[in-house]
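Since the structure comes first, as structure tokens, the remarks are kept for the end.
Each chain carries a letter (A, B, C and D) given by its place in the written order, and its residues are counted from 1.
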Amino acid sequence: MSVTSIVRHRLFWPCVTLALLCAVNVFFNHNFFALEVRNGALYGSVIDILNRAAPLMLVAMGMTLVIATRGIDVSVGATVAIAGAVVAVMIGGTLVIKDGVQSYVANFPMPLAIIAALAVALLCGLWNGALVAGAGMQPIIATLILMVAGRGVAQLVTEGQIVTIYYEPFFFIGNGFLFGIPFALYIVAAVLLILLYLTQRTALGLFIQAVGLNPTAARFSGISARALVLWVYGFCGVTAGIAGLIITSNVKSADGNNAGLAMELDAILAVALGGTSLDGGRFSLIGTLIGALIIQTLTYAIYSLGVPPEINLVVKALVVFTVCLIQSERLRSMLFTHTARIGEKS
Amino acid sequence: MLKSRRNLLSAVVIGLIASAVAMPSFAAEKKLTLGFAQVGAESEWRTANTTSIKEAAKAAGIELKFSDAQQKQENQIKAIRSFIAQKVDVIGFAPVVTTGWDTVLKEAKAAKIPVILTDRSIETKDDSLYVTMIGSDFTEEGRKAGQWLLDNYKAQGDVNIVELQGTVGSAPAIERQKGFMEVIKANPKFKVTRSQTGDFTRAKGKEVMEAFLKADPNINVLFAHNDDMAIGAIQAIEAAGKKPGKDIIIVSVDAVKGAFEAMMAGKLNVTVECNPQLGPQLMDIVKQVKAGKQLPKRINTKEGIFPMETAAKEFPNRKY
Amino acid sequence: MTEQQAILQMQGIHKRFPGVVALKDVSLRLFPGEVHALMGQNGAGKSTLIKVLTGVENADSGDITLAGKAIRVTSVLEAQELGISTVYQEVNLCSNLSVAENIFIGRFPFRFGRIDWKTMNAKARTALAALNIDIDVSLPLSSYPVAIQQMVAIARALGTEAQVLILDEPTSSLDEDEVERLFDALRKLKAKGIAILFVTHFLDQTYAISDRITVLRNGELEGEYLAADLPRIQLINKMVGREIDESSFARQTESGEAKASAGEPFLAARNLGRAGTLRPLDLDVHAGQVLGLGGLLGSGRTETARLLFGIDHADSGSAKINGVPVSLNSPRKAIRQGLAFCPEDRKTEGIVAELSIRENIILALQAHRGIFRFLPLRKQTQIAEEYVKQLGIKTSDVEKPIGQLSGGNQQKALLARWLATEPKMLILDEPTRGIDVAAKLEIMDLVKTQCRKGLAILFISSEMSEVLRVSDRIAVLRDRQKIGELDGASADEQSIFRMIAGGES
Amino acid sequence: MSLTRHLNPRTLPLIITTTLFVALFGFGAISYDAFLSPQVFLNLLIDNGFLLVVAIGMTFVIISGGIDLSVGSIVALTTMVSASLVQHHHWSIWVILPLVLLMGCAFGLLHGVLIQVFRLQAFIVTLGGMFLARGLCYVISIDSISITDPTYTALSEYRLALGEETFISLSGIIALVTLAIAIFIAHYTKFGRTVYAIGGNERSALLMGLPVARTKIMVYVLSGFCSALGGILVTLYMLSGYGLHALGMELDAIAAAVIGGTLLTGGVGNVIGTLIGVLILGVIQSLIAFDGSLSSWWTRIAIGLLLFLFCLLQRIIERSGLGRKAKSTTA
């Protein structure tokens, strides 16, 4: 591969951004890349970032597909909360103390609870899809409805409480390690592989792009655009549901009000940072993952650098602007022609 | 086909209106009406607070007009304005922030509706805008937490404290920090080395604590602005292979059930109570106000502090 | 003849795009009060030349002089201020604005510091009246068919104080009547001394209105001629760069044999109609035959196609395919029945511009197979390349975005998309719009070839000569209803127009 | 027989929306005592004046085919800067007002330039602006700042009596004046029509010789200005500056515009529709406040459901209405 073709690659600039952020982290914390094994699990900053980014990566992957169909889903945060609430309430909020011994009891079998939570998340997604594809509402307003009401539903399920889960096996999803690597990352990998398979080894990718770029032409070619859009939203709901499970498992409790708060913005940001246009069409799942990692690495840097909390957002804003400018082809071509001109003169 | 569609539509509209007409009006006999504008349902503490008020109103035979502001001041102002329009007897509200209430409260005053504050006070030059304020004192909670630490932390050398703040800009975050700092200043050995917001949530508390632990191996004390963040942080500390409550002393505020469970497991050292059970007291005051009694400007609720040792005994008494 | 001063002169224009030389040393001159036709095949450089002239693109080198003064046009606005206004092939207006606004935006009449809508609407009505159009100018442009929109665009261009008027294939969506109205208007402008540059693929129109012809080929100037001195066949040869026989324009009469095979129709529609769109009509399309739909714009041709393909739902009548009743209520169902449809508006309903040629070609086939019976990449490339070769699509690489192809090649790729599904019936709505003469011939030949292979074909075109050329039978429409059917072999333009003008229903 | 046939398809959605608003208000009037009073209606304006102003700016942005997520944060920053300057630095209100308006414009200019000149996505740029403005609030102060300045207080408490027990506040009046100006800009100026043209078809607008780049940047400046003006109204409304003011207002503003018939794809919509959109959001809140029996989560669900019912009805009526219209015009 020649240098120019690497530079031209759509993932080049997102990767550069991520590398820069890591460099910043290393500069302030020399142990940034240090990994050690503790309790049979890898331990270190990088693992933290990957682990913490897992829910965002999942949601952002679902969001990528939605955006590719020219849509947007601002309800993912609410779906995260609903899925978390359902699984928490079903698995169990009771701590039984018998003869001074604490024991944990699940109200419903865990697999059932997980399936139920994912089913509810799927329903949330399909609801959005039905409003967009069926009723023809504008995606942002259609999903805004669930964004507003969804958190209410989550709180209704938990009755406004933070439901704590006392059931050891469930904690594995968000806290467990398999072969030294957080289990959540296996989930991300599995979803990614499934998606890569679906978008590259089946016609799904082609159809999504066709629908996103030219819905009429897609319909006239015999693609059932409506069904496709419906299921893409449904899928986005499921990824948000899985993210909800991970978050819930990770903190061992479900918080209807706060779980997944503002996650929709981060997810959309991740998609955009990964090089996917918000106007639909061509998309990159890997890019989205890199985008999610950029966001999480930045957050981590803010925490560990001792940035005062009141300027968190300013730092984040400056990074967003910088990243966008780095990725702006227009700016690069302007700089390039400028330097070229200087070169000509000298 | 079109026609039938239009008919369907008009049927829906008529149905909506008809159901509205059919709804019974609750304006029967003259009951005392309290319009209460709640902050939201942002935490366990808050929901316990709401439940307490609702139950107390029912028990006291007061009709409650409840409004949820979803953590937005403008929503609370709107709600108060609608209470004025509805001509309720008393308005109560838990201010989202301390500032910016004068205008709407003057409207309430003009409409001769007394106002009671709960939970926190407001900044105003005109004290006559509200009758009284009942509730907790966040600064005091911070002081209590700090005092406990000074009294009970017996190690040698510098004490490195990390702080998990509440939502940036929120009153409990600002005031708990203020109170805590006030007290800690007394001993130069106690230093807050890192401070970051955990947005009052478990997830953020855990995430921030993880980063702290990686960046700084010498953390002696964690001060969390609420129990939820403390519980999240405990998980992070455990994951890092340290013992919460022993290697790192944990001080937090609120005293919710989860904190008691953590204390019983020996993972949390102390929690300062912030009592949400204001309902019965509020209803009493509403009745007194309506009866025209003079009341002090500030009525504090009784709040305790619960160290680890008392947890098991206290746990069964906790309602929230 | 050069005593007169040229109002506009372009000299030695070079323009390079990455990898392609679009214009090489091209010159052009325009005289006041003449209609000058710019001819050439697709890709000859006509569009680029016009873009350079109107400030959309900047030339790499070359000079432009207007009224004796050297000018440098860097933006459309500048061009307009200099008095060069343009009507583009695709309607480049804003369909969400009202008709009047589209004519006057950028130069609104103001009164008391605000836009004077009343005056504007009145002026717009006058401007359109000059083109013999009488419509409600306060409605959004999107309320009107493409033809009207094109006339609005022309009205807009005429309105500016233009010295030079450029018309880039303005007639491709107009019917004969409207073309005549346009020409009337052009003649008036000519008389006023305005120089008109007219780009078109229609030979008849070129000769009907032009005084002078400039021919481009492969980005180079082929020559400038007086229209009167250049016979048609020579013009074509100069454009194409090779000899084309006059006879290829003659109708291929294949009467008899095709019709003899006609027994049971492939598709039989009875009483098919939709309230407000199309009055119920009967239609039979036979395998191995081309059924042409004749009629003016707005006569219901596209509406018929949309009903058959299930895009709009019929509310009366029924359809049978091979004698079996079918309900065609979605494109998917229609495709499953072996139907295929190339829509009129290639850009917004046909191609997916950003996707590659390969992806565009296999799109319908893949949609037919469903998500999971995925064609492997190798198979896709094979299919695409096969059709690229078979249909003569000019491209170096099937992975190029289809939007980069010329109109004719896009149309062929669309045909390929449908042929790949091995359809039994092909509905072609204006397949020759906006493409050059040679490509038109190729498309029509392809239609005939496919027909011989046994496909049933429904052919729609605004150009009667094309309909006549390919059709075995012609159904004539007027005012959204079918008024009769003619035999393709015996019909001629006269007989069709007589039928349309006839008035009996 | 059918009224809609004679209507301009552009005004039809507006009429539908208005009718549905009246139905909602009627629903409240029947269900709750004291709902049907002029003051309840005026309260909609008093309590949502700032939202109206912000949503007007948003409407222009959306019509041009863009989006501006920063509006809520700019509102908060405006309150913060105003409060800080007047309380801590004792500046005169007459200096502060133009200053914060200028600041809003500067934010808009920044967004516009990044979007137009560097071809960045509006969503992301304004998301960055949202973080920046909100972050700057905390840099000024994390605590809220109460305003005790007599001029601010007087303006805040000014009430124009419109009858017995019926009044409107200054911010309500300013909002209505802004609305009038916005209608003028949208329909009677070249800038306004260019915004519509760009939203309809940016390429065409360019080919028609319209100043596309300038107008697009100006649209964001206008939105920044409206946000700052909205911020001033919020300052007057709450008499304080606070970093957490107007949290999520961008979504309310977008919702108001969209409910009012503005299409997010650009080119379609109008400012009066936005007024109705704001009133609908307001009346939904009023209905819930008057009901006063919903718990926190039911409040949210109820808002969602009302929004859903409203949008659904709107879509159904539009489809049947516009469907008929389309049939009669496609040739």
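By definition in this document, a residue touches a chain if its C-beta (ideal position, glycine included) is under 8 Å from a C-beta of that chain, and two chains touch if they have at least 3 such contacts.
The model shown is predicted, which means the values in this text are computed figures rather than measured ones.
More inter-chain C-beta contacts link the pair B-D than the other of B-D and A-B. A straight line joining the Cα centres of chain A and chain B is 31 Å long.
Separating the centre of chain C from that of chain D, both taken as means of CA atoms, is a distance of 43 Å.
Inter-chain centre distance (chain A to chain D, centres taken as mean C-alpha positions): 30 Å.
For chain A, residues that reach two or more other chains under the stated contact definition are 155, 160, 256, 309-310, 312.
Shown for chain C are the residues in touch with two or more other chains, of which there are none.
Residues of chain D in contact with at least two other chains: 138, 142, 295-297, 299-300, 324.
Here, these are the chain pairs in contact: A-B, A-C, A-D, B-D, C-D. The residues of chain B lying in touch with chain D in their complex are 2, 5-6, 9, 12-13, 16-17, 20-21, 23, 25, 27, 35, 38, 40-41, 47, 50, 54, 64-68, 70-75, 77-79, 81-83, 85-87, 96-103, 106, 123-125, 167-170, 173-174.
Remark: chain C residues 56, 75-77, 79-80, 86, 88, 91-97, 101, 105-106, 108, 114-115, 117, 138-140, 143-145, 156, 275-277, 297-298, 303 touch chain D in the complex. Across the complex, chain B is touched by residues 29, 31, 38-39, 43-45, 48, 52, 95, 155, 159-162, 164, 175, 247, 250-253, 255-259, 261, 299-300, 302-310, 312 of chain A. Residue ranges of chain D in contact with chain C, taken from their complex: 8-10, 184, 187-190, 193-194, 196-197, 199-201, 203-211, 267-268, 324, 327-331. Chain A meets chain D in the complex at residues 74, 131, 135-142, 144-156, 160, 256, 265, 268-269, 272-273, 277-278, 309-318, 320-321, 324-325, 328-331.
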